[in-house]
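Have a look at the structure below before the remarks.
Naming follows writing order (A, B, C, D and E), and every chain is counted from residue 1.
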């Protein structure tokens, strides 16, 4: 963290940026909020980078990069793909952003951590993998790795997407034994009845709070199709169970081929719906049917849904693959 | 009474596909031995004249060599029709074309067993 | 408030026999916002159209639904009627209750119920229709003709006659096509070369016509009025502008064993050649597959003898890029490969020939100088058997399902010419049917029988057995006499089916013009628009559209030219107003739409937007070029925000249709 | 290359030569033949009647046996080959037939059409290769004009037998070239010899076979070869007793395996 | 009118204007029968069909949705059906993943010349959907107004 603060101050000092977007402490000891720092002093004072900084900053740059001046940003590997993808889609004006690639060893699922401690927490100190938790009845110690966010436990890469201006620390590698498709595969192997029951159980909890939509870097439309009366599907709340499905299928379809699998949707869902399993299904299908594709990785590559080959499989391939009948 | 539908069913042949070009008859190697020729089989089945065909010696003259089947421009397969009629004929009681008693006189030392086997299949129940 | 009029057509009994049209009108009349619902015998008739026009004026209709035949048939008719009564033509919707209802169902109850639903669906859609005005696009006043046979030549000449530039692309070294190979033409028996070659020369001399011979179409982009075509000019290793066509090189070339394709391989030519004496352009071409110089650098004779110094062994393929307003397909035909019919022994005996080979054998410029000699031993044939329908009229597994149309007549011609020239030759024609519709055609056939005593036998040949002396034992059935004929013949002539040229398939793909299962080009309407492809700006000339004889081909070629001229005289084309439109307030500028647009119709610009806080924010937004957009709608689905929509087929409209069907 | 070899009845009796020369040649060519211990007749003739099941069951047994070992049935007798290939085709493509057969035979695993029935000629062409065969020839038939007689069973129906072009076959001609001979092409090589009609009326077979031999001789043949014992019988009965051979005999001779 | 309680599915067919809609017309011209349960919506190209339309159809009670377009390579707009092919493949796979019977959705390429194929396809699809029965798995998802 100190290295990051040093870098931030330097960027302010040499005039590279006039503001930096970063994480800061929130209300609760494990809450981290997003803040735009406008001076080196406030940055030094309030900037935080620790086990609770899971939030992906790239989406905020759509708005921020449209403003005058240049903004600095720290990007974890998974965030950097969203950033690159948004540049590719002309949403972020790269010339107004100074991006610093930073290392990440996995972030903590604060809700799970809080649930593991009986007493009220009033402070947490991140000592590397060890978290010292001060509660009203005394301190306890937890290991970050035992309370990792799903997206970090199934981390796909420690390597940044191209497009950052500089890197702090060593550039990582892709994770060879990435497990992110395991649950998708498990679902695929179920019978349709089982799958239906599974998804009904999950999606029926949706309260249409739109948290997933609002956090998603791919879901960054000026006006969401669900708010567009001309789309024929605009709606504010899930009127019935179909609407829940409809919303999530369409949302997943709209980001298919553009979703970088940053996992933010599931992280923020107050109902703990594993929304990433929808996105990962599309990613898995795309990889299997049209060749490996990672959104944001290659600025010149066409997205799978705006591309085709004459030899593409027919939709009837669906009848042959997937799970049991 | 032999039924046209029965013949069509067991042969799997649709005589209506015939465009009456006569190529089957032209190409039949055993034309000279037959009273009714392949195209007539097709035509007569179409018109339900099964009994006439069944009673004719022509039924036993077909070599099932499939020349007519292979060369028919419309895919009519006359030989299958003829075989269906022959099958119907020999399936009837006492209608075996080849009688056991007649066989010894028809074979000689060189004749392969295959001839007898095939003839039995083609001429008897 | 919408005021919708519904009109239900009986189409005589076509609809009314299966659909209770009164009930449909009555039921739909009760739909909200429907102010008038009527049924009538023929809505497309003048009386029917007047009924619609009157209703538009009387009720002040804001939308019109016609329940009738397919919109592909009469949508334009009813739009025109609406427009003439002051209703925007795009406020008209058709419910297809004929092709997709009355004609495919038998149960009146079911068909009526479906008609009501289809009517409701159209009502649901029309309420969301908006008035549309068509834009305009310019027309490039130049036409491309693909194929330089008689069809392409005639079309090109007619277009040039009207004063427009025309380019002919021909893959062979000369134009002329199949007709150049034919000896005489039916039913008049005039010499094919005598009537064709002057037209070829006309093409060469007409300053409006450019001939790209030995060339192929490599790529096509654009749309009606504005096609852009890349033409590949294959290296002929002879400079067309220098070659005088003297032919010296073709006499001196040492490589003499090249099968002469113009004579169908019945004799040989040199590696450098001019296909035939009257070739246009009359320039030599080097065949790279046989030329020793090109293959191993050892020869160079032609370059030495060429006074014009036209030979260039280093020539490469070149490309020409040209703009056109219209494209004519005249890719023609070929006889099929008859290997699959070897019961006729074509592969076993030289004396079994195809009809086109016989044309060359009888042609004065052919391998025998016009004397009919049988190929194996150059003897005069005394008995010739013609076999009709070789590969035509077959079921799908055996050959072509269609009648090749020209064989009956050319066989009568061949038979007649042989009997005329060699009265001692016996001629048999085995036929399944003799088909001679056409002016003076049956008379011609009867002359062959009555005047020339050609033996027409109703039946088919089943087997041909060649003998070592070159004779052929022909087994054929005579169905009228009920017997089999065994004929000892000198020659057998096979009327091989014709099929579209193999190059047509790839051309169709480049032009996005549709083809039928036999690879013949589909016409926009089988009866009413026979020379146009369904793809706007693409026209069809000759056999590429279906089997035709020369008179029909020329007639169609001229008709096709008429259609092309009709297009090229226009300065502007009315565009399809059903095009994509981006709502800039919703647009993210993400470029997804641009990536899927096949026409490059979408561009982006930075635009300022007033914010609630009175500042202006610059955003990248998509702009659709309405003249270029063809209205496929690919962009509408690629757009994540729904900013992109298609006029006439808007998201809301299609959803309304879905809802009405599922109600 | 391992095959389930089905010789068929005739090869054990009247057509021992066809079998014997095949076996010694196959060994030389590196083909391993496994002859099932308890094979039975193929059924003799394929029944074209759609309602005939029983006639085809003996063929089904042979095919199902092969399914358990090599997956490839090798035959040489034209009749056996025709019956086995067509029954196998029915098993693959006639759902109704396959259903009834599986019901009746009750195999442990239902047969789903994995077995391939191939003729010895096909094996020579596709698996040994005529080029390789030619390289192994020690006594070529140089200068010999040899007429291949296909008959009808080997080629038809063309779609099912799929061995070669039914009207313009080349497989035996290429075989003849491989053993050094000059093939003679004549139109009646794929016409019927009279077949089983010899039982009905020997005169029919005599006429059919006579025309074939005459055609072959007229086109210049010194020798004729066939794959079928019944063709062999009919041809020999009609024509000369010499000059007509099973193709396997010429093969063995060319490979230098023929005794005497 | 006899009361018939047998299940009749609701089928929505999206047909591209250039090939499949014309193919459907040809089926009509040739009087080839297929069940009245099929209702066709004309779209300019198969690529115009938004997954939202298909979901909407199911929402409103359709038992099956079929999309017909020009054969790959023959698209009137050159490439529309290629995009449609990818979109529908992924959508159908997703529906299957959510446990919705995959046989309820289908894509078929039908040219303007294939009237017989159009009728045969519709007969087969109606048959398949009829066998599946009413859209039970989506039933509780339905929006009944």
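Following the convention adopted for this analysis, a contact is a pair of C-beta atoms (placed from the backbone, for glycine too) under 8 Å apart; a residue touches a chain by one contact, two chains touch by 3 or more.
What you are looking at is a predicted structure, and each value in this text was computed from that prediction instead of being measured.
**Student:** Using the touch definition up top, find the fewest steps from subunit B to subunit C.
**Tutor:** 1
**Student:** Write down the chain pair with more C-beta contact pairs when A-E is set against C-D.
**Tutor:** Pair with the higher count of C-beta contacts: A-E.
**Student:** Suppose each chain is reduced to the average of its Cα coordinates; what separation in Å results between subunit D and subunit E?
**Tutor:** So the centre of subunit D lies 50 Å away from the centre of subunit E.
**Student:** Whole-Å distance, subunit A centre to subunit C centre, using C-alpha means?
**Tutor:** Those two chain centres are 54 Å apart.
**Student:** Report, in whole Å, the distance between the mean C-alpha point of subunit C and the mean C-alpha point of subunit E.
**Tutor:** Between these chains, centre-to-centre, one finds 30 Å.
**Student:** Taking the mean of the C-alpha atoms as each chain's centre, how many Å separate subunit A from subunit B?
**Tutor:** For subunit A versus subunit B, the centre distance works out to 76 Å.
**Student:** Any chance you could list the residues of subunit E touching two or more other chains?
**Tutor:** 51-52, 56, 73, 79, 83, 87
**Student:** Which subunit B residues sit where two or more other chains touch them?
**Tutor:** Within subunit B, residues 67, 71 contact more than one other chain.
**Student:** Would you please write down the residue numbers of subunit D that are in contact with two or more other chains?
**Tutor:** 167, 191
**Student:** For this entry, which pairs of chains touch?
**Tutor:** Final set of chain pairs in contact is A-C, A-E, B-C, B-D, C-D, C-E.
**Student:** Spell out the residues on subunit E that touch subunit C in their complex, using ranges where they run on.
**Tutor:** Counting only subunit E, the residues touching subunit C are 1, 10, 12, 17-19, 21-22, 24-29, 31-34, 36, 39-45, 47-53, 56-57, 60-62, 70, 73-80, 83, 87, 111-114, 119.
**Student:** For a test of understanding, state which residues of subunit B touch subunit D in their complex under the given definition.
**Tutor:** Those residues of subunit B that touch subunit D are 9-12, 29-30, 32-33, 60-61, 63-67, 69-71, 79-80, 83-84, 87, 97-98, 103, 106-107, 110-123.
**Student:** Can you list the subunit C residues touching subunit A in their complex?
**Tutor:** 583, 585-592, 595-596, 604, 617-620, 638, 640-643, 645, 650-652, 655-656
**Student:** Can you list the subunit C residues touching subunit D in their complex?
**Tutor:** It is residues 339-343, 345, 347-348, 397, 463-468 of subunit C that touch subunit D.
**Student:** Which of the residues in subunit A come into contact with subunit E in the complex?
**Tutor:** Going by the criterion above, the answer is residues 184, 187-188, 192-200, 231-233, 239-243, 245-246, 249-250, 252-253, 256, 278, 281-282, 285-286, 289-290, 304-310, 312-319, 321-323.
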